[in-house]
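Consider the two complexes below, in which chain A is the common component and chain B and chain C are the respective partners.
Then we have the complex of A and B:
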C-alpha cells in the first residue's frame, strides 16, 4: 500500500512539473480565458497542488480512479472495458510462452552445445533482438496480406466471450507476444537448468540410478524454475502495459495503449488511475513470486 | 478557377451598392454566385454501376480519436472532428451546410436555412427555414434556433467555438417572425459573407424536447411559454442537464434525449472503444435520404492498424460482421507509395485537400529573438529557406500544396485572388544570404551569423537587435509526423548554410499546445522561439478565410503575438465591409499578410482516402464533414 501511494505521489508531482498550461493542452489553442477558467474550476485545478492530491486520494479510497479529460469516461469504466482484452491476449501469450519455453530451455540445457541447442539459441536471439513491432508487421504482411490466412487485427468485441468467439483473430497478436516471451524465458530456463544440472544433488540422483526423466522432472525443473518465477512475477504488470506495441499494431483497445495515449495527451486522471492499477498489480506480482519461491524451494521460509 | 473567382469578385465589385432592399438582393445574388462558382476542392468516388439499396458502410475513424461527446454545444476538451463532423452533424443538422461535394462554399440545398437576407446595413439578418422535422414529430422552427442562441449565450465558457466579441456576443436579440422565420439583430453592420460563413455556421437548431432540466420532467411543447432557456439561469441549468446526459456515453443509443434528431441518421449504439453504429432516421425530411441500411464507424489504435486492415481487405468490424471491408478509409503518410497495390485491390483513391493552410510561428514577444523576428527583411530571408516544392516531393509523398497566402489558392475556392498562387519569397539560399548581409549580418556559412551593424537604419540589423547577437533559434514541433519531422530537419540543414542555427525540439503535441502560447515579453512563458503545431489551420468552424481569429492583435489564435495596426485595419474591413466591397477587402488583407509574413508558410498536407470499389456517392468535404447519406453500393463490381 505504501509503495502504491509512493508511486502515485511521484507520478502526481511529475505530471504537475511539466511546463505549460494543462488546460491549454486539453482545450486547444483557441480556448478563451473564460473557457480555461471554467475547465480549471470544473476539474479542481484551481486548488493548491496538495489539495488536488488529497482529493485524488479521497476519490481513490472510494474506488474512483478519476474521469478522463478527453475520453468522456471514468477511468474505472475504461479499465473494466479494456482489461479483458489484455488479460486474454497477454495472459494467453504468457501461458503459452511458459509452456514452450520451460521444456525448450530444459532441452537446450540437456543437449548443451549440440545442434538443437544452437538452433534454439539462434532463434531465441533473433526473436529477442527483433522489435515486437517489426515482428508483428512481418506476421501481418505474411499471414494476413500475402496469404489472407488470418485477420490482421484482434477481435473487436468488448467482452471476453466476444474475444474468444473469434479465435482466428487472436492468433497473430498472441503469436507475436508468445514468440518474444519464449525467447526471453527459454534463455533464463536454459541458464538455470545448466547450473542445476551441475549441482551435487543431481549428480547423486544420477549415481543412485534414477532415470533421467525423473532426475529432470523432480530435481532439475523445480530448482530451475526459481529464476523463471521471478520473471513471471515481474510479468504480471506487463499484462497491463507490455501489450502496448501489440495493441498499437493489432488494433486492440488495451490498457497499455490507453496509458501511453494519456501520457502523450496530458490526460492526467487516466495516467494516474492506471498508475495506481499497475503499481498494485506489480506489488501483487512480487508477492505471488515470493509465495512461489517458498513452494518451489522448501528452504525458503517467510517468518 | 482562381481567375474565374477573381473575375467573379470583380463583377460583384462593379455593381452599385444601394442600401436596404437592393442591397439584400445583391447579397443574395452574390451568395448564390459565390456558391455556384466554387469548384470542387477534393475528389470523389467514381460514378456508374447499378445502385443497390441497403448494405453497411464501414468508415475508419482517425487513430485514437473515438467519438466521445454527442451534444453539439461542445467544450474544447471534446472538440474533435470525430465528435463534430463524424457524430453530431449526422444526427443534428447545423443551420447551414458547408463544403458539400468538395466545394468551399455554403450549400443551400443541403441547409435547413434558405439564403440569409441581410438588411439595415448588415445589422439585421432574416432566415427562413425549410421544412425539416424532428424525429419526435415536431417541426424544426425559429424557436429551435433561439433555443441554441439562448443556451450558447448563457454558457459561453463551455463552448469551444466561443470567440469574445463574436457569436453570440454580436447578436443583440433574436425574434421568431413566424414559426419558420427567425430574425437576428446584430450589434453592428457586418460583411454578409463573413457573418454567413463564420457566425451563422455556428448555429445548430436544437429540439425543444431538450429544453428541460431533468429526465423525469416531461418533454416540453415548442409552443409552451417560459421554458427554462428563456432565462440565463434556466439556460445554465438546461446545459448542466444536457452535459450530464452527454457524459453517459454507453447510453447514447437508448437515450430519450439524444434520440430526438433531425439529421439523416440515428445513433443505435456507441461502444466504450468508439464503435459507432448508425441507422437511417425514418423521419428524416431533408434531401439525400440514406440508401445504406447501416453506417458503422470503426475505431483504430493506429494508422498502421487501419492500413493493415485495408491491405488485408477485411475488418473484424465488431461482433457478427467479420470479413467486411473498410468502405472509406485513409492511407497513412508512410504508406503513400503503396497506391498501386491499393488500386490493384480495387480501391478508389481520392485526394483530399482541406480548405486551410499550414505554417510555423515565430514568437514576436520572445525577449531574446523577438526583435529579430520583428524585422520584415529577416522574415523574408527565413521564408526563402523554406523549400516548399522540395518538401512536398520529399516528405509529403507528393500529397501537399504550397502555401503562399492566408487565403490559399488551393483547394480551388472563390475567395483567393491570382496573387495567392504567386510565391513572393521562393526557395533561394542566395536570396536569404543577400537579405541578411544587406542588413548588417556577418554571414558564417555552417557556423553562426552575427549582427555586425546594429541600429535601425535600412542597412542595419534593426531595432532591438544587439551587436554580436547570433542567429540561434529553437524550434519546437510535435513528434510522430513523418512529413513534419523531415521538413524541420531540412529547414535546419538549409538554414545552416546562411549561419542560422536551429535546435530542433521534438515533443508531444500536448506539450506544443500548452507551450506555444501568446505571452508578454516579461513572462516566463515567453521563452519559446519558433513553434510548429504539426497541424494546419482549417477554416472550420469559421469558413470565411478572414484573419480575425489568427492575425488580429490579441486574437485567440494569434499565439505568436503578432501585431500590426495596418493589418488589424484590413482584417476589420473583411468583417465589416458590405457585400459589394467584400472581396476587395479580402484581397487587400490577404495580399498584405502574404507579404508581411506574420507566420512562415509551409506546405499544407492532404489526405489520400480509400473508397471500396463498389461504393458510390463519396466526396471529400473541404471542411471535413462526412455525408454517408449520399453513399450507396452498386452491383456488378468487385
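Then we have the complex of A and C:
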C-alpha cells in the first residue's frame, strides 16, 4: 500500500518535471499567457502542489487515470480496451514459460554438468544476453521471411476476440515472450533445485528407498518452487518490459504500445496514468508471490 | 578484502584463473575495448558526414562490412558506436554500484526507522519498470551521453542497494564488527573500512552484471528511438536502424551490430559468473 502511494508520488513528480509546464506541453508553444492561465485554472494547476497531489490521489482512488488531450479520450477507456490483449499475450507466455522452465531447470539440476545441462545453460545464456527485440526480429527473419511459416505481425484486431480468432499470428509474439522468460526462470529453477538436492531431507527420502520420481516431485520441486516464486514475483517488471517491446515489434494494440505512442506524441497524461497502472500491477504481482508462498510452504502463515 | 584476509584471496584468484569461460569473457571484453578505442587509430573512416553516393553498399574492398543508409562505413561505425556504448555501460555500472552500495550499507547498518524508510524508497522505485521511466524521461528531455548515464544509473542502483543491505544485516552482528564498535570505532569507519570491504565480492559480481544489463537497456532504448541522436552512434541505435532494412536483405546492417551487443552481454555475464564461482567456495571447481 505504501509502495503504491509512493508510485503515485513518483508519477506526480515526473509530471512536474516536464520542462515549461503541462499547459505549455499540451497547448503548444504558440499559446498565449492568458490561454495558459485559463488552462491552469480549469485543471486546478494553479493550486499549491500538495493540494494538486491530493486531488490527483482522489481521482486515482475513484479509478480515474487521467485524460488524454491528444486522443480526446480518457486513459481509463484506452486501458479497458487494451488490457485484455495484454493479459492474453503476456499471460499465455508466462504460463508457458513456467510450464517449460520448471521441468527444464529440474532436469538440469538432476543432470548437473552433463551434456543436457550444458546445452540448456548455453541456450538460456544466449537468450538471456539478447535484447528481447533482437530475438523477436531474429524470429521474424527466420520464420516469416526466410520460411513463410508464420505472419510477422500480430492480429490487428483491436478487441481480444479478434486477437484469438487468428491464433497463427499470435505464435511469434507469444513465442518471443516465452523464450525470454524461459531463459530467466530456468536459471532460477536450476540453482534452486541444485540447492534443494543437497538438503538432508532429500537424502533421507532417498535413503528410505523412495523412487527418484517421487523424491523429485514431492520434495525437490515443491521446496525449490519457494525461492523460484520470489524471483518470478520480482521479475514482474522485466516481464512487463519485454511485453512492451513485443507489442512494439509485432504491433499489438496493448497498453505497452499505447504507452510508447504516448511517449512519442508527448501525451503525458497517458504516460503517467499507465505508469501508475503498471506500478500497481507490479505490486500486485509481488503480493501474489507472497500468497503463493503460503500455499507452497506450510510454515508461512499470514495472520 | 581486509588485509588479514589476504591469504584467503589467493585460492579465489587461482580458481578464477582456472575458470576458462570467465577468462574467455575477460579476453573478449579486452578485445572489444581495444577494437573500439584503438581501432579508429588504424582504421580511418568519416563518421560525421553522410554520403548519399555510398548508401547501403554491401561488404567489399575498402569497406569490410559495407555501409549503412547514411553512407557511413559500418566497421568504423561499430568502433565509435562501441565507444559510446561501453562508456555509458561502464559509467552506469560504476555510478549505480557506488550509490547502491552506500545506500544499502547505511540502511542495513543504521537499522530501525531509517532502514525502513530507505528500503521503502527502493521498493517504490522497483515497482515502476525501468523502461517506462526511461521512455518517459527520454521523451521529455533530449538524450545525451550524460543524461543516459544519469537516467540508467538512477534505475540501476536498486539491485546493489538491496544486495548490500542483506549482506550488511548479517555482517552487523558478527564479532569483528562488534569488536570495532567496542574499541570505539566510529560508525563511518565501521561502514567504510569493515562492512563495505566485506561485501566486495557481492558488489563486484553485481557490477559486472550491471554492465550487461545496462548494455541491454541501452540497446532497447535506442531501438525504441530514444537513444543518442545522430551523428552519434551506439550499437543499439545501429541495430535498430539496420532492422528497417531487414526485408531488403541488407544483412550487414543488422547482424554485426546485434552480434557485438550479444558478445558484450555474454562476456560480462561469464566474467560475473566466474567471479561469483571463485568467491563462493561451494561452487569452486575442484
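The criterion applied here is as follows: the second predicted complex is superposed on the first by the 252 of 303 C-alpha atoms of A that agree within 3 Å, B and C clash if a C-alpha of one lies under 4 Å from a C-alpha of the other, contacts with A are read in each partner's own complex, and residues count from 1 in each chain.
FYI, contacts are C-beta pairs under 8 Å (C-beta built on N, C-alpha and C of every residue); 3 or more make two chains touch, one makes a residue touch a chain.
As the structure is a computational prediction, the values presented were derived from the model and not from experiment.
When the shared chain is aligned, chain C comes close enough to touch A:128, but chain B does not. When both complexes are overlaid on chain A, the residue A:137 reaches chain B and chain C alike. In the superposed model, A:264 makes contact with both chain B and chain C.
By the touch criterion defined above, A:73 lies against chain B but remains apart from chain C after alignment on the C-alpha atoms of chain A. When the shared chain is aligned, chain B comes close enough to touch A:34, but chain C does not. Once the two complexes are overlaid on the shared chain, A:248 sits against chain B and chain C alike. Once the two complexes are laid over each other on the shared chain, residue contacts for A:145 go to chain B and to chain C alike. In the superposed model, A:81 lies in contact with chain B only, and not with chain C.
Judged by the document's definition of touching, chain A residues 18-19, 137, 140, 145, 248, 264, 266 lie at the interface with chain B and also at the interface with chain C.
Listed in rising order, the residues of chain C touching chain A in the complex are 120-121, 123-133, 135-141, 212, 216, 219-220, 223-226, 236, 239-240, 243, 246-247, 254, 258, 261-262, 265-266, 269.
Only residues 64, 66, 68-69, 75-79, 156-160, 162-164, 246-247, 249-250, 271-275, 298-302, 304-306, 308-309, 311-319, 322, 508-511, 513-517, 525, 533, 549, 556-557, 559 of chain B touch chain A when the two sit together in their complex. Listed in rising order, the residues of chain A touching chain C in the complex are 2-4, 6-7, 9-10, 14, 17-19, 125-126, 128-134, 137-138, 140-141, 145, 234, 237-238, 240-241, 244-245, 248, 259-260, 263-264, 266, 271-272, 274-275, 278-279, 282-283, 286.
For chain A in complex with chain B, the touching residues are 18-22, 24-32, 34-35, 37-39, 69-73, 77-78, 81-82, 137, 140, 144-145, 148, 151-158, 162, 165-166, 169, 247-253, 257, 261, 264-266.
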